[in-house]
Amino acid sequence: MPPEPVTATLLISCRDQKGLVAAVSDFLYRHGGNITHADQHTDQEEGVFLQRVEWMLDGFAIGRGEIAGAFEPIARRFGMDWSLRFSDYVPRVALMVSKLAHCLYDILARWHMGEFRAEIPLVISNHDDARAIVAGFGVPYHHVPVDAAGKAGAERRIRALLEDANADLVVMARYMQILSDDLIRAYPHRIINIHHSFLPAFAGARPYHQAHERGVKIIGATAHYATAELDQGPIIEQDVARVSHRDAVDDLVRKGRDLEKVVLARAVDLHLRNRIVVYGNKTVVFD
Amino acid sequence: MPPEPVTATLLISCRDQKGLVAAVSDFLYRHGGNITHADQHTDQEEGVFLQRVEWMLDGFAIGRGEIAGAFEPIARRFGMDWSLRFSDYVPRVALMVSKLAHCLYDILARWHMGEFRAEIPLVISNHDDARAIVAGFGVPYHHVPVDAAGKAGAERRIRALLEDANADLVVMARYMQILSDDLIRAYPHRIINIHHSFLPAFAGARPYHQAHERGVKIIGATAHYATAELDQGPIIEQDVARVSHRDAVDDLVRKGRDLEKVVLARAVDLHLRNRIVVYGNKTVVFD
Amino acid sequence: MPPEPVTATLLISCRDQKGLVAAVSDFLYRHGGNITHADQHTDQEEGVFLQRVEWMLDGFAIGRGEIAGAFEPIARRFGMDWSLRFSDYVPRVALMVSKLAHCLYDILARWHMGEFRAEIPLVISNHDDARAIVAGFGVPYHHVPVDAAGKAGAERRIRALLEDANADLVVMARYMQILSDDLIRAYPHRIINIHHSFLPAFAGARPYHQAHERGVKIIGATAHYATAELDQGPIIEQDVARVSHRDAVDDLVRKGRDLEKVVLARAVDLHLRNRIVVYGNKTVVFD
Amino acid sequence: MPPEPVTATLLISCRDQKGLVAAVSDFLYRHGGNITHADQHTDQEEGVFLQRVEWMLDGFAIGRGEIAGAFEPIARRFGMDWSLRFSDYVPRVALMVSKLAHCLYDILARWHMGEFRAEIPLVISNHDDARAIVAGFGVPYHHVPVDAAGKAGAERRIRALLEDANADLVVMARYMQILSDDLIRAYPHRIINIHHSFLPAFAGARPYHQAHERGVKIIGATAHYATAELDQGPIIEQDVARVSHRDAVDDLVRKGRDLEKVVLARAVDLHLRNRIVVYGNKTVVFD
């Protein structure tokens, strides 16, 4: 395959106003931008406009280093929150895991097959179990045990590891320790967590036990950006599977693993492809 | 088509013990019963055994009037909760509706096409809107307005209507008034309600608004047996549909209608075909 | 609720070229158009660009009668196939049905509840069975029997009925007769058919029998625009349901009905809301 | 966790006759068998009866070596095809793969986490690409290149490897070479293949290209037992995913991988837990 052409992507949110779409497409058109993806959404209730537009750098009249400066006046005029991404930037993704490694192995296998455009500089775990397999994928493994006494110390070490690795994104692939508000705030909308229930049902501990207890006929999994409030962050992706009275808690756990893997992988993929804009406590997913 | 052969169905729940299955199938075999459906479930945690077995009356050595008496000793030996149903019994189903009649029309159309083996002796509504269409299906319509002053009076009238109709089953097809505990207890596991969310998420009022507010990516509907605690009864059936940021509350309402219709219809169908055993606050659905 | 504001919608397809998006949004912006929905798609392989853009007439500087003329130069410049629709136009939908009326009743009930913005001037059937219920919805019913001898005559009568009714859209709601090429060509991409399988699997007659024979674990339904080649037209919508060895052909038929209803209703809804562009033998669905 | 108690499982198919269920449950009851799972199915059209019954060896009066002999007279009386399995037998599973290793990695990861009760004595591939990762899981890797000249030779080598490994089950985890009839017949209903379409749609080569060409709105994957006729064997499991006009062939391939993984894994799991009975060209899945 020939190399993918490099694109630039603008992610925009602002107060809804007339002329927004025209202003952005004018800007791109005037400078010879060939748009490969454009999508927008207006939240009528909140009066918020959100847009994603992606175009080829090849043939674009403005050099990549000058695009932000050239767009700035438009952004200022409309009062935009915005960011600019280039498709050849390779994000650095840190993976965190506890004992259950199905999501970890799934992400590593996808990454190994080229499904994610990313580097994975490290895996952090409060257990040592997954070390051998992770080594097979050629990724450094850091065992940071967490105990009541040393919780603060463990977090300091985790934070140092993430900073040393220049992590752009942290993926909690069934990492079962609660991160401090402080650490979460250091990575705003850059920590993705997978919760093993269909949120907001069964937030908190042991969701499959809760689901079994309630006798639901469908279980779910939810990927969301971690925020200070546990299991309350903006939802990125959810999926569900049918269960029946035949399924004991262990069966829910087993069936749920397939949900968790695919829901987390989709959320990571959407994030890495710059498809998500967060506004308020919600996401807009431009897929 | 030739008439369906008449069958008898035993629904059994009891403490799990050895020899249960053999005892029941022996009983049927000895008397020439040709089993057309048999299914069972053991809840290992609770130590509860549940069974459904259906066989043809044709060729069975015991007359239908004597089956219960002949089975009684086996039931006593194992301490069974049990019931016996005949497939040629035509249950009487009362429908209740408020303003939104999609579930009502759906059930009436299915019934008209022969999907449910049932009589529908009446529709009760706190509004008069659906009268004309219901008349088209040839079903009597009773308008029982409910206002704060007359809530008790309305319930008395509803109860009288249900009793006069000899209702075996009451289907709350988006009936938006809360029934009294007293009325609910008069129809144990015989009132099916449809709640327009994926319970236990978004119980109570305005679930689509709650779902939109939370930014979920999937909505649901839940059919359950009404109990004294609102939206807490045993779940019979659930289903879900994918939504996105593009869906305003009105879109959730519209997409949800399709869920509500099909989930309620499946629950009614399972109930009418004697496929459900309730135990604790859960259902076992022998489909 | 206040009346919905009136919008205009452009549906465009043409050879992919630079500046398309900018030209259209410029046109709307310059004349004060407030865009409420804009979506586009580029088929990279075929080099085809497709767009849907919807904006409010209120505040737009060009009168509704002059919009087409004002847009024409842009359309000519880019060689566009295009059409212009107004949201206050009420399309006229003719329904056709044979014996199985579940899709018919479902569409009538949705229409009655205001789900479709449309008039339904008539139902045509080769059987007389559904007359009473259709009358309940206040829609004229035309019984046009079809027999080998009189197939041509029946079609002439159907065609006359559709023309007299000024039908914009014909919905074959399980109408089991094959229409002539001639009639189909008279309504290009304006006849929606529901096929009771997951096309292209099980095209032709008795798809549920075919599915049962093959032992599939999932059944489907497909709504498509009728073309001269049976079951080969552009697919609008599909959905599926899980089945098992327990399901006899009759069960597949019963489960399939729920698929057929919802898939056909979604296709009709998408068509009526001007969400579909056909290109080649495919549809682009701007939902 | 304590060790799972050892169970015996009977898988039975025969002509439908009265007394079958009673005879089997009598046999188990008389000898003190505690049934943990029993399910049956009667294909009314074909007049075929199929049953699965599983019971605890602990407390059963017949030693495991004598069960088959003790059951033989019952089997003979009813003309049963039957097999007897013990839950502590650990099946030997050979994995085969070509270039695309997502299914292979998924199965290895599940196996590593204890999801499958099986040994994996070897992986066979016509490419050498997956060697390093497979080594990480501690499984021997055999590279058996296939070229036109040496196809027969390659098959001889594959066959020898399977025989040396005493393979009970062969899983074609996206192995893209066609096996000879001879090899397939040597493993009747013991070779599971994953086809990357919703069979019978898009059998044969390049199914995602076929699906894209046809413009379907849903794609699928199918796990089936390999038979001499390509893609025509008994279907074990299928699943589907929604796609849209936005999805190019590459996107179908990517989305399809998630289907292939989960569908193949479910089929392997059902096979290993003795949940499948094949009859004619269909499966009965006692889940």
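Order of writing sets the chain letters: A, B, C and D. Residues in each chain are counted from 1.
Heads up, the rule we're going with is that contacts are C-beta pairs under 8 Å (C-beta built on N, C-alpha and C of every residue); 3 or more make two chains touch, one makes a residue touch a chain.
All of these numbers come straight from a predicted model, not from anything done at the bench.
In a homomeric contact, the two copies may use the same or different surfaces; for chain B and chain C, over half of the interface residue numbers are shared, pointing to the same surface. Distance from chain B peaks, on a Cα-centroid basis, for A. The geometric centre of chain B is 35 Å away from that of chain C, both derived from CA atoms. Each chain gets one centre point, the mean of its Cα atoms, and the points for chain C and chain D are 41 Å apart.
Each of residues 246 in chain B touches at least two other chains. Those residues of chain D that touch chain C in the shared complex are 41, 43-45, 198-202, 214-218, 220, 234-240, 244-246, 248, 281-285.
Taken in their complex, chain B has these residues touching chain D: 18-19, 21-23, 25-26, 28-30, 32, 34-36, 38-40, 42, 242.
Listed in rising order, the residues of chain B touching chain C in the complex are 100-102, 105-106, 109-110, 112-113, 115, 132-133, 135-137, 246, 254, 257-258, 262, 265, 287.
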